[in-house]
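Below are two complexes that have subunit A in common, paired first with subunit B and then with subunit C.
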Partner chain A sequence: MNKKLGVYICHCGGNISDYVDVEKVKQAVENEEGVFIAKTTIFACGDANQKEMVDDIKNNNLDGVVVASCSPKLHLLTFRAVTERGNMNKYNYVHVNIREQASWAHSDNKEGATEKAILLVKSAIAKVRLSEPLYPIKISSKKAVAVIGAGVAGMRAAIELSNMGCPVTLIERDHFVGGRVAQWDVLFTTNQTGKELVTNLYNDLINRKNITLLTGAEVISNAGSIGDFKVRIKKTPRYIKEKCNDGHLLKAIQACPIEVPDDFNFNITNRKAIYHNFPSEYPHYPVIDIKNCTRCGECEKICESVDFTQKEEIIEIEVGSILMATGFDSYTPAEGEFGYQKFDTVITLPQFKRIIDLNDKKLTFKGKEVKSIVYIYCVGSRQIDGDNKYCSRYCCTSVIHAAIQTKKKFANIQNYHFTRGIRTYGKQEILYSDSLKSGDIYLQSYEEDPPVVLRENGNTLVKINDILTGGKEISVKADLVVLVTGMIPRKDNKVGALLKLPKGRDNFFNEIHMKLRPVETVIDGITISGACQGPKNIMESVNSALSAATKSFSYVSKGMLALEPIIARIDKNLCTWCGACAEACPFDAISVEKDENKDIAAINNSVCKGCGMCLPVCPVNAINLIAYSDNEIESMIDALAGV
Partner chain B sequence: MPGGKANNNPKILVFSTEKISDPAIDMAGLLKLHYPPTVYTISIPCSSGVKPIWIMYAYEKGFDGVFIAADGSDCPYGDSCTEKTGKIIGHTHALMKEMDIEPARLRMAAICSVCSESFVKQMKSFNEYLLKNSNV
Partner chain C sequence: MSSEKINTSFDALVIGGGIAGGESALNLANNGFRVLIIEKDLSIGGKMILLSKVFPSLDCSACITTPKVSEISRHPGITIFTNSKVKSIIKKSKNDFEAEIIKYPRYVITEDCTGCQLCEEACPVIIPDQYQYNLVGRKAAYIPFSIASPRVAAIDIENCTLCGACEKVCPTNCIDFTQETEEYLIKAKTVVVATGFNLFDPIKIPRFGFGSYKNVLTSMQMERQLAPTRPFNTILRPGDAKVPDNLAYVLCTGSRDVTIGNPICSQICCMYSIKQAQLLMGALPMADVTIYYINIRSFGKGFEEFYSQAKGMGVDFIKGKIGKITEKENGNLILRYEDINENKVKESEHDMVILSVGVLPNPDNATLFHGEELKLDPFSFVNQTEPLASPSRTSIEGVFAAGTATGPMDIPDSILSAGSASSEAISYLIKKP
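Presenting the complex of A and B:
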C-alpha cells in the first residue's frame, strides 16, 4: 500500500537553519514518492506546529510522518504523541536528527551539512514508506521496587514508594543507615542536625510493613529486566544477637584488642573490631567487623550477645524496578597536595566536620588548641588539568556554614577563607553574608596560582597571591588548615557495573537527559537519585529521590507494562531450526515450536528485548527485527547512497 | 563513483546504537567537534545485530567505508556483545574477500555514550585512509 506522507523540517530557531538550508532540504524531498505534504517550521516542537501537524494528519489522512529536527532523545516521544493525536499509528512516525548530526556537527561546512540533511531526510522517508503499524506488547510487572543505598536519598525514596502502596526492599551495604548525613552534625541551611534528620527518616520507615530494610547487604547479581528484575543479595550478619545487653556489650568492646581507623570519623579516631554505632546511626545495635576480627574470643567471654554462629545469607528478590541511591565519596587529596599527610595540621572538610562535633567548649586537634583556621577551597573540584572538572556544589556553603558554627561553638576563632570565587547559590548566599559580618576574612586566587602551605619554625603558614587586593602576597599562620574537598563517585562502584549503568564524563551515574529525563537511565526500569548522580546537597538529593520514586513506581504501579513492539520475527518458511538464534539470544527468548510438519524457532514476545543479536547468526536469513528489517535498512542505504 | 558526494569526501556509513553510541555522536555535534559531512548514521538497537548482508549492500551501493560503533562492554543487552560484534566483522571480512573488497574498508571500534572525541577521531582517520586509498 502506498503511504501518504507528511514531512516537517525544523529550523530549531536558527540552530538548524543557520547552517542547513532548510528550504533547500524541503525542495529536495517534496517530490519523493509518497510525500503529500512537505513543510519547514521554525519550532517543530512548538504548540502551534504540533497542532498544525495534527490537523494535517487528520485532514489529509496521512499515514506516515517524518520530522527532521533535533536528537530523537529529546523529541521522538513528542512527535509520536502528535501522530497519535492525529489518530495515526505512532510507529509510522520516523525521526531524523539534522541538528546534532548535521547542522551542529558540520557547522564548519554549510553546503556539506545541507547535502547530508537532504540524504538523511530521504532515508527517513524511505524507512517510513515501509513502516507498519505496531501495537505495544503488554507484560506483567512485579509491584515491588529495590532501593539500593539507605542514605537520605534512598530512605526518602523508600518512604515515598511505601506511601504509594509499593513494597520496597531497602538494601544498605553498611550495617547502619543514614549515609553521609549521619556523619554531619549541624547542617546548612536549617541548622537541623544530621542525627535529627536520620532519626526522623528511620523512625518513619522502620515500622512500615511494606518496607524491608536489609543492612550489611550487597547486590551480587542481577538477571531479568524491567518489570522483572531478579536480584540476589548477600547479607553479612552482625554477629550480635538482636536483643543484646548494653552493659556487657560495652565491656566487651573495651576488651576487644583490635583497633582500626574509624571511617565514620574519617580515620581521625580508631574503633574496635566490635563496635557500637554513633547516636546518629540506626539500627541501634552493634556489629562485629568480621574482616578485622581475629576471633580471639575476648568479647564472647564477656558478653552473651556475641554470636559467631550467625551465617552469611543469600536473599533473592524479584522487583519491577530498581532505584539507585548509593551516594558519593569525598575526594582524598594526593600526598603532599597542600601539605596533606605531610603536615599534621592539614585535614579535610569531612574530618573537620567530625572534629567540630567531637570537641566540646574548646576546639583542639592533636592536643593543641585551634584558634586560627585556614580553609582552602575547591580541592579536588574544578580541576583544569585533573579529572574532576565539575564544581562539587555543596562545599562553598558547607565550609562557610562550618566556619560560622565553629565561631558559635568555640571562643576566639579566626577564619581565613582561601577561595577561588564563592558559589553560595540561592538562599545559601545569606550564610556568606553572615560570615562576612562576623569578621571572617576572604582571599582569592586563580587555579594556576594556588595557595601554598609550608612549615616555618614549627608553624604552618599558608601563602596566597590575593587577587582581591591586586595580587598582593598574603601569609597567614594557621593552627589548622582545612582542605575543602569535593565529591567524587563511590570508589567501590561494583553495583553500577553489575547493573550496566552508564557513567557520565564526571564518572557519576548518568541520566538519559539532564533536563527532561533527569532520573531515568538507559537501562529501562532503573532510576538514579541523590549524590550517586553527581554532587548534590540534601535538598537536591531528596528532590531527585522523590522524582525517581515516582518514576520507578510508574513502572510497577499497574502490574502491567506496555513495551515497545520492536522485537524479532521469524520467517517460518525459511527457518530450518538449526538453533543458532536460540543460542545467540542473551535473554532466552527463542525456543523451538512445531509448525505443520517441521520444527521452527519461536520468539517469546514478552521476553524478546529487540536487541537483534539473533539476526546475523541465522544461516538462512530467516530473522528480521521489526522496524529494522532488511527492506527498511536497505532502502535507507539506497537513499543515503543517493541512488 | 557513488552519487551525492559533498566535497568529494569518501562516503562512510556508520551503524550506531541507539542507547550507547548515538548519544556520543549527538554530543560530538553539540560540542561542534567537526567530522566530514559524508559520514551518515543508521541507528540500530545493538551493534551485535548488524547483518553482514547490510554491510555488503552498502558497498554495492557505493559506500567507500562502513564503520560499526560497537557497544563493547557498555552494551545494555549483556556482555556477549563484544564477542558477537567481533564475529560479525569476521564473517563480513570473509564475504568482502570473496567480492575483492579491501577488508580495511570495514572498521569497528567501541564508542561509549560519552566517547564523542573518540568517534570524531575515528571518522577523521577513516576518512583520511579512504581518501589515500581511493583506488581500493
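Presenting the complex of A and C:
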C-alpha cells in the first residue's frame, strides 16, 4: 500500500481551468487517505513544474504520484520520466485526464465538470494506493532491419542503415528496383532523369556487404515482434541465370512470340513474356513472366541463360525492425470519367509521362501528331462525390513540369491547364510562373462544375466554365487529354494486412502522431516511409525514408529493448484452455502451451499490449492484467461511486 | 568581455534550438553522440512553442512541444547554450569543425533562479513583449514566457535603468550585473544547420496599413491571442479592446509577390489561417471570418479535409487579392479587392484584419561559415546540393540542413527533414575518415 502520495492538478493554461475549478479539485482531494502533497500548476508538463515534482518526490520520499491534466496519450510518458528522475518507480504514477474528459467534454457546465474532475482524481488516488512497482521487460533486439519496397525511398533507407553499420534485407516484389521513379524521365528539380537517380542508388547499394537485395520477393508471413520479427519471404525466380550474354538475351526477347500490355509503360505499349523494362534496368538481366509464358522454348534455343528449372524459394530472416516503403498506386479513372476509355485521346498523367519519354522529335499518339494538350487536374483527388477527399500533393507540380518538358522536347505544343486552383507550394511556385511566362494557358473550374470532355465531328473538345474569366464558357479542341491522376494507397495491401498496420481515413498507413512522430506506427518496431504514409514528392519521400531509417536503427542499435510490463498474466492453476482469449486477442499474442498434463494459454510478452480484451472473455477468470488488477479497478469504482 | 576563450568539443553542433534543431539533437544524442545546441533566443522551442494549436490535428502546440523541449533540455547527451550566437565556423578538415561562439550574459545566475517572478513584479521598466509579438508589455527583468526552457529570468540590459529593484527582491540573490560575455571555441565533427525562418514584416506593404492602423494584425499576433498563454484571455482588437465580430484574413502577405522580392509560396499560411479561422469560430461563436486568397493550398495529410471542415463551419472563402486597406474613424477597415468568382472589384468592411505573413530565410545563414562557403539558393535559403537523393546535404561536406533553413515547410516536414539531417550526420560520424 502506497501511503505517501503527491497529487498535481494542471490548469493546462486555461484549457482545463477555464471550465474546471482546479483549486476546488485540489481542496477536495488534499485530505484523501495517503495524500501528502496536493498542488495546482499552470502547466504540469512545463520544465519548471517537472523540476518541482522531482524535488517534491525526493525531499518527501513520495511513493505514489497522480497528475490530473490532459490525455495520457500526450503526457503519460512525460510524468513517468519525472517520477523516475525522483527515484520513484514509474509504475506508481497514475495519469488522470481531466481535460478531454472533464473540461472539454462539459464546457457548458462548469460545476459538473469540476465535480467529475474531483471524482476522477479520487479514483486515481484509490488506484495508486494499491499500485505496485513494476520493471520493464528486457528483450534482446536483432541488429538487422527489413526494408520492404525497393523504390527510391526503400533504397535510400537501406543505404543509410548500411552506413550506420546495420545489416539490411531489401525486399522488392517486382523483379526490378526503382519503383515509380524508374519510370520517369527528367525530374524536377535536379534535371537528372529518374533512371539516373535509380542507377546511382542501385550502384551504391549493390556492392555493400551488409545489404541483401531480394527481387521478385514477397513477404508471406510474420511471426514475432519488435526486436525479433521472423519474416518469411517467397522469392519467385527470374528463370534467367545471373551471368548471361546480353546479345543472346536481346535475340531471345525478339524471338518471344508472346505480347502482353507493358505495366512499365502503363499499358500504352506491349512487351514480351521475356522482358526488361529498359536496357539498363536493375538488376541488369531480364525476367521471364511465367504467368504469360507458353513455354514454347524459342528463347531457350537462342540463349543458354534461360533456365526453366529455377524454383521458387522460401527465405526466412530475423530482424529487429521493419521499415515499410511500399509506395503508392496511381489512380485509375472509372470508365467514362472525363472520357477515359470512351475516347482514345484521353490518357492519364503517368501514361503521358511515358509517352513524352518514348517519343523523339515529334510527339505522336496512336499515329497522330499531338499539338494541343488539355490537362484536367485533380482526377481521383479532392473528389466531391467519391471517397478520395484528400489532395494528392505532387500532381500540380508534376503535371506543370511535364507540360514544360513537352514544350522543350517538341515543337508547336500548346498546353491548356484545366485546374481547380494551382498548388505549387513553396519553391515549386517558380515552376508555375515559368509555365505562365512560356504561354501555357490556365483555366479554373467551379468546385461543383467540373470540365466536360466530349466528341464533336471527330474532334475531342473540353469545355469549362472558367472562374478566371468571370465564368465564361470556354471550349478547347484537344489532340490529347491528360487526366492528372493522383496517388492512391496500394490496392494490394497483403503485406500491410499481415503486419496489422493501421490505416488512416485516407487509407494510407497511419503514423502515431501526425505532427511529431510521422514515421512511427502503433506496431512497435515498424516504421513507415515515403508515399505509403501519404502522397509525397521524391524529396519528401527521401526525407521520410531517412527519418524512418534513424528510428528503425534506434530499435536495433543497442541490441536490447525495454518493453512495457503492463501485460496480461495467466493463472496456470485456473486456466483450462478454451481458446476464447486467443480469439479475442487483436495482436495474436496468445497461444496454447503444455503445462504438466494440461493445455494452458501462454502470453507472448513482447507482443501483448495490455489492452485487456482477453480478460472479460475468460470463463474461469484466469487472466489478470498487471497494473489493472481486480482490486485496483474495484477501488476505483468505489471512489467514483463516492463509497 | 572576458579575454580567455573556453575550449571544449562535441560530436555534433546543432545551430538553432527550434523543433527541427531539437529533433536533430535528440536523434543524435539517442544514438550516443554528444551534441551542443546553440540558440540565439532566451528559450529553446523556436516558433512552435509559441503557437496556439497545430493543423489539422488541432493539438495544443504548447502541450506537444513542452515534452519535446523538456526531453531535449534534460538529455545527458545534449548541452544547450541559449542567448548565444555563432560568430564563425571554419572547417579545418574532415570531421573537424571549429566554431567561435559568443554567449551573452543573462545577468541572472541560471542555476539559482527559481522563476519566482518577484524581480518581474519589482522592475519599473515596461517595454513591448517580443514573445507576445508586441501585443502587451513586459518588464526589463523578465521570464521570457511561462513555458520557456529554461524558465529562468533575464535582464534586458538595453532597457534596464540599473535601479537595482530586482536585486533587492530576489530571494536567491541570483541577479548578477557583473556577468560578462563569454567566448567559446568549440570543436565539432559535424554541423546541423537548423536556423529556422523569419516572418515577413508587413510594414513593407504600406497599402495594408500595418503599423498605422491599430486593428490590422499579423497572423503571429493572432496566434498569440489564441494560444493557451495568451495575453488577453479573449480575442481583442488592439485599437479599442473591443471583441471583434467580423474578421478578415489576407493570404499571401509577403509571399508569391515579386514586388516585395519574394516570388515563392510560404507553404504554411493557408493552413494556419484556416486553423485560426476555426479556432476563432470556437472562441467567438457569433463572429464572421472571411479568408481572401489566391489559391488555397491544403496539400498535406488531412489538409483538404480540414479545409472542407472550415467551409462547413461557415468560414467565408473569397478568391481575390486585396488591393488596399483603409481605416474608418471607428477603427473598422475597408478592404478593396477583386472578387475573381464574380469578376468584380468590391469593397467590404471588417472590424479586424489579419495579415497571413509569409516565411523568409534567416539572414544569419550567410555569415555562419568562414572559409569554405555555405551556399545559398536563389531565395537565400540554404542550398540543397542533392535535393532528391540527399535533401539535407549542403555545399560543405559534413554540414547538414534541417527544417526551414532550406525553405518553407510545416511541422511534420520539418521533423522529417530533421530526421533526414540527423541520419546523415550519424552516418558521417560513424564512417571513419
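Everything that follows uses one rule, which is that the second predicted complex is superposed on the first by the 524 of 643 C-alpha atoms of A that agree within 3 Å, B and C clash if a C-alpha of one lies under 4 Å from a C-alpha of the other, contacts with A are read in each partner's own complex, and residues count from 1 in each chain.
Just so we're on the same page, a residue touches a chain if its C-beta (ideal position, glycine included) is under 8 Å from a C-beta of that chain, and two chains touch if they have at least 3 such contacts.
Here the structure is a predicted model, which is why all the values come from computation and not from measurement.
Novice: Once the structures are superposed on A, label A:G421 by its partner contacts, choosing first (subunit B), second (subunit C), both or neither.
Specialist: second
Novice: Touching A:I538 in the superposition: subunit B (first), subunit C (second), both, neither?
Specialist: After superposing on A, A:I538 lies in contact with subunit C but is clear of subunit B.
Novice: Which partner reaches more residues of subunit A, subunit B or subunit C?
Specialist: C
Novice: With both complexes superposed on chain A, which partner does A:W104 reach: first (subunit B), second (subunit C), both or neither?
Specialist: First partner only, subunit B.
Novice: Is A:L119 contacted by the first partner subunit B, the second partner subunit C, both or neither?
Specialist: Touch partner of A:L119: subunit B, not subunit C.
Novice: Please indicate which partner A:A562 is in contact with in the superposed arrangement: first for subunit B, second for subunit C, both, or neither.
Specialist: neither
Novice: Classify the contacts of A:A223 with the two partner chains as first (subunit B alone), second (subunit C alone), both, or neither.
Specialist: neither
Novice: With both complexes superposed on chain A, which partner does A:R505 reach: first (subunit B), second (subunit C), both or neither?
Specialist: Both partners.
Novice: Should A:G14 be classified as contacting the first partner (subunit B), the second (subunit C), both, or neither?
Specialist: The second partner, subunit C, only.
Novice: Which subunit A residues are contacted by subunit C in one complex and by subunit B in the other?
Specialist: Common interface on subunit A, subunit B vs subunit C: 504-505.
Novice: Under the stated contact criterion, what part of subunit C meets subunit A in this complex?
Specialist: Residue list for subunit C touching subunit A: 27, 30-31, 54, 56-57, 59-60, 62-64, 66-71, 73-74, 115, 146-147, 149-151, 227-230, 233, 256, 263-267, 295-305, 308, 319, 340-343, 377, 379, 384, 386-392, 407-409, 411-413, 415-420, 422-424, 426-427, 430-431.
Novice: Can you name the residues of subunit A that touch subunit B in the complex?
Specialist: Touching subunit B: residues 71-73, 97, 99-109, 111-113, 115-116, 119-120, 123, 500, 502-505, 510, 522-523, 566, 584, 586-587, 609-616, 621, 625, 628, 630, 633-634, 636-638, 640-643 of subunit A.
Novice: For a test of understanding, state which residues of subunit A touch subunit C in their complex under the given definition.
Specialist: These residues of subunit A touch subunit C: 12-15, 42-43, 45-48, 50, 70, 74-75, 77-78, 81, 85, 152, 156, 160, 163-165, 187, 189-190, 192, 197, 200-201, 382, 389-391, 393, 421-430, 433, 446, 467-471, 504-506, 508, 513-519, 533-534, 538-540, 542-544, 546-551, 553-554, 557.
Novice: Okay, in this complex, where on subunit B does subunit A touch?
Specialist: That would be residues 2-7, 11, 13, 18-20, 22-23, 25-30, 32-38, 40-46, 48-54, 57-58, 61-63, 74-78, 80-81, 84, 87-88, 91, 112-114 of subunit B.
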